[in-house]
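Let me begin by presenting the structure, written as structure tokens, before commenting on it.
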Amino acid sequence: MAMLHTVNKSPYEKSALESCLNHVSEGDTVLLIEDGVYAVVKGGRAANALASVKGVKIAALEADLKARGIGGDKITEGVEVVDYGGFVDLVEANDKTEAWL
Amino acid sequence: MAMLHTVNKSPYEKSALESCLNHVSEGDTVLLIEDGVYAVVKGGRAANALASVKGVKIAALEADLKARGIGGDKITEGVEVVDYGGFVDLVEANDKTEAWL
Amino acid sequence: MKLGIVVNEGPYTHEASDTAYNFAVAALEKGHEIYRIFFYHDGVNNATRLTVPPQDDRNIQQKWTELQEKHDLDLVVCIAAAQRRGILDENEMKRQGKDAYNIAPGFRISGLGQLIEAGIQCDRLVTFGD
Amino acid sequence: MKLGIVVNEGPYTHEASDTAYNFAVAALEKGHEIYRIFFYHDGVNNATRLTVPPQDDRNIQQKWTELQEKHDLDLVVCIAAAQRRGILDENEMKRQGKDAYNIAPGFRISGLGQLIEAGIQCDRLVTFGD
Amino acid sequence: MSEGVKKFLYVNRKAPHGTIYALEALEVVLIGAAFEQDVELAFLDDGVFQLVKGWDTKDLGSKNFAPTYMALGDFEVTKVFVEKESLDERGLTADDLMELMYEDEDDDWAEKPSIRIVSREEMARIMAANDVILSF
Amino acid sequence: MSEGVKKFLYVNRKAPHGTIYALEALEVVLIGAAFEQDVELAFLDDGVFQLVKGWDTKDLGSKNFAPTYMALGDFEVTKVFVEKESLDERGLTADDLMELMYEDEDDDWAEKPSIRIVSREEMARIMAANDVILSF
């Protein structure tokens, strides 16, 4: 029963990512979208929090990264970058989706 | 040049109160309105943060406290409860108002 | 004092427009002047006369309209924000080639300059939003 | 797979409706079925035909309407949320005694049961909001 | 899977009054109750504020929808999970919450509390065990 | 006080793209520039993300309004304060930001940077020193 969790909030403005990471199960995937992608900026407080979560795949939506000027070596290690098609595939690959609004 | 700061966000969901408290000057007033009033619940993490700020008056809007069932001994010490008229008076008593949206 | 009030969120969705309304009433009761209430961002949604709130709930648009009538308030809806969100008056309807308009009585559509001007003219500017 | 999509925020104000639109397009390109797109909360504001976005910006309502036409999608606007926010179709206009309506082509107004039914019928329900 | 009974979980993470999500979430729950699916409600993060008793919205001027929570039992919505860690952080205890009750038809219609305080770990398992999650 | 020149401070605390506040705040700044008041812009908290360079909004499908920030100098908006602590927490440095420039009419139209990185303490003083604060 693997789950896809979507987080669309900046981790610096809202507690959604923190709460999500407190409720994921092993084998789940967390997909960062919209302002949620700010969590992957290397060297940021949130990127450090992401790195501490084990057994969970972290992905981020490419269009939202690009819109915000976050690319290449500005993205912290261990984050898989996916396009909208990859988002659809993640929805299919997991049994259900929970949006952390 | 004393200032009135309004905070309408829950301190548990958003970082507005924290940022506001990081930018107040001595003699300023912080007025908690809407979901901002959740910060005054005694024993909560946010109430402890409020208590650590010195030289700044903390007020909370009565109508918002009552709507949320927060009253009497549930309110942490040092918080002045004001009604909408008191809100108007605070706007007048301070040179300007900053909303921490 | 001479007050300017800014309302940045739509009714019901966010409490900001209730708070702004209650604040405005309290200021008027204390004898202060409200120079202008400016509706920006989703705040423009306070100005649609097409809302049909549940019978047992408040009608926020109507409360604004009645307050305007009673105190001859200047309720200004930002034109740019309103266009983006589908709030039109009759004039804008014609200008944009639309077939309907939805602005409520007591509100007028104008530019962002009205917000700046309120900041200049008023003793205090108070913002309600999200 | 059979997909249900929920859109909870208005266009422009929040990115959620852009994300939902782009996700829907990608799902259709991959050959998935979209059973229904349900607009709730401020999401009902996607369905007003009175928006006039700036010339150099996207027209989100129009993008939804065109996607609906192209793929015969079921775009459902929640009636309770729509009433609160002033989104009406012709039928609702008459029923509520209003003098105008603003729903855009391709959207239909219906009840919250349509959301629950999508949850039951679809393999996956994906929510976009604030 | 698309035709049988599904387990629906309504996840409530936002405070009431400041925004409309709590109220409009309840409207979904009430409509959903008619569909004869398995229904569970989760309250965590600021969502726990929704269940604090003693609302008085008169001065604010908005609708007091606390009675709707009290009526959930009548709609056979009887499984209401509240996260303990969320209460603790906010200075709340179970005593601060409304008493939501239901009549258990399998136990001679005995009145029983709907609210169950669960740990964060249990909440994660509840999320994992449902088929459809609606988030507010 | 109601007729003279006032000091306006625009406080930007929200990230761009996720919500419209950044874009609609800029629209106010541009209109406000015509009113011949003293104008300062403050970027703190997530507002600092507004100035990160290299936006490409094509895949998202929304308008790229980065050029508007670049044009602020032409509108004589030349005082742009960015909080250092906000940058640090988010893994950003001054090098990640757009280069906002203006031509200084008092210095033979020399090109100068508009952005000044300030400490949190200085930001508090900037807020205290203005007459009117518009928050986004």
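So that you can tell them apart, the chains are marked A, B, C, D, E and F in the order they are listed, and the count of residues begins at 1 in each.
Quick note on the criterion: a contact is a pair of C-beta atoms (placed from the backbone, for glycine too) under 8 Å apart; a residue touches a chain by one contact, two chains touch by 3 or more.
Because the structure is a prediction, the values reported are computed rather than measured.
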{"item": "Lowest number of touching-chain links that must be crossed from subunit A to subunit C", "value": "2"}
{"item": "Pair joined by more contacting C-beta pairs (B-F or B-C)", "value": "B-C"}
{"item": "Whole-Å gap separating subunit D and subunit F, where each centre is the average of the chain's CA atoms", "value": "35"}
{"item": "Intercentroid distance (Cα basis), subunit D paired with subunit C, Å", "value": "26"}
{"item": "Distance between the centres, which are taken as Cα means, of subunit E and subunit D, whole angstrom", "value": "27"}
{"item": "Residues within subunit D bordering two or more other chains", "value": "12-13, 15, 22, 41, 54, 80, 84, 125, 127, 129-130"}
{"item": "Shared interface positions of subunit F, touching two or more other chains", "value": "14, 17-21, 45, 59-60, 62, 132-133, 135"}
{"item": "Overlap residues in subunit B, where contacts from two or more other chains coincide", "value": "8, 12-13, 15, 34-35, 63-64, 83-84, 96-97, 99, 101"}
{"item": "Those chain pairs that satisfy the touch definition", "value": "A-B, A-D, A-E, A-F, B-C, B-E, B-F, C-D, C-E, C-F, D-E, D-F"}
{"item": "Of subunit E, residues touching subunit D in the complex", "value": "1-2, 6, 8, 20-21, 24, 27-28, 31-32, 34-35, 37, 132-135"}
{"item": "Sites on subunit A touched by subunit F in the complex", "value": "8-10, 12-13, 34-35, 38, 41-47, 62-64, 66-71, 74, 83-84"}
{"item": "Touch list for subunit C against partner subunit D, complex", "value": "10-13, 41-42, 45, 48-54, 61, 80, 83-88, 92-93, 96, 98, 100-102"}
{"item": "Interface residues, subunit C side, partner subunit B - complex", "value": "1, 3, 8, 15-16, 19, 22-23, 25-27, 29-30, 32, 124-130"}
{"item": "Residue numbers on subunit C that touch subunit E, as the complex places them", "value": "12-15, 18, 21-22, 54, 56-58, 130"}
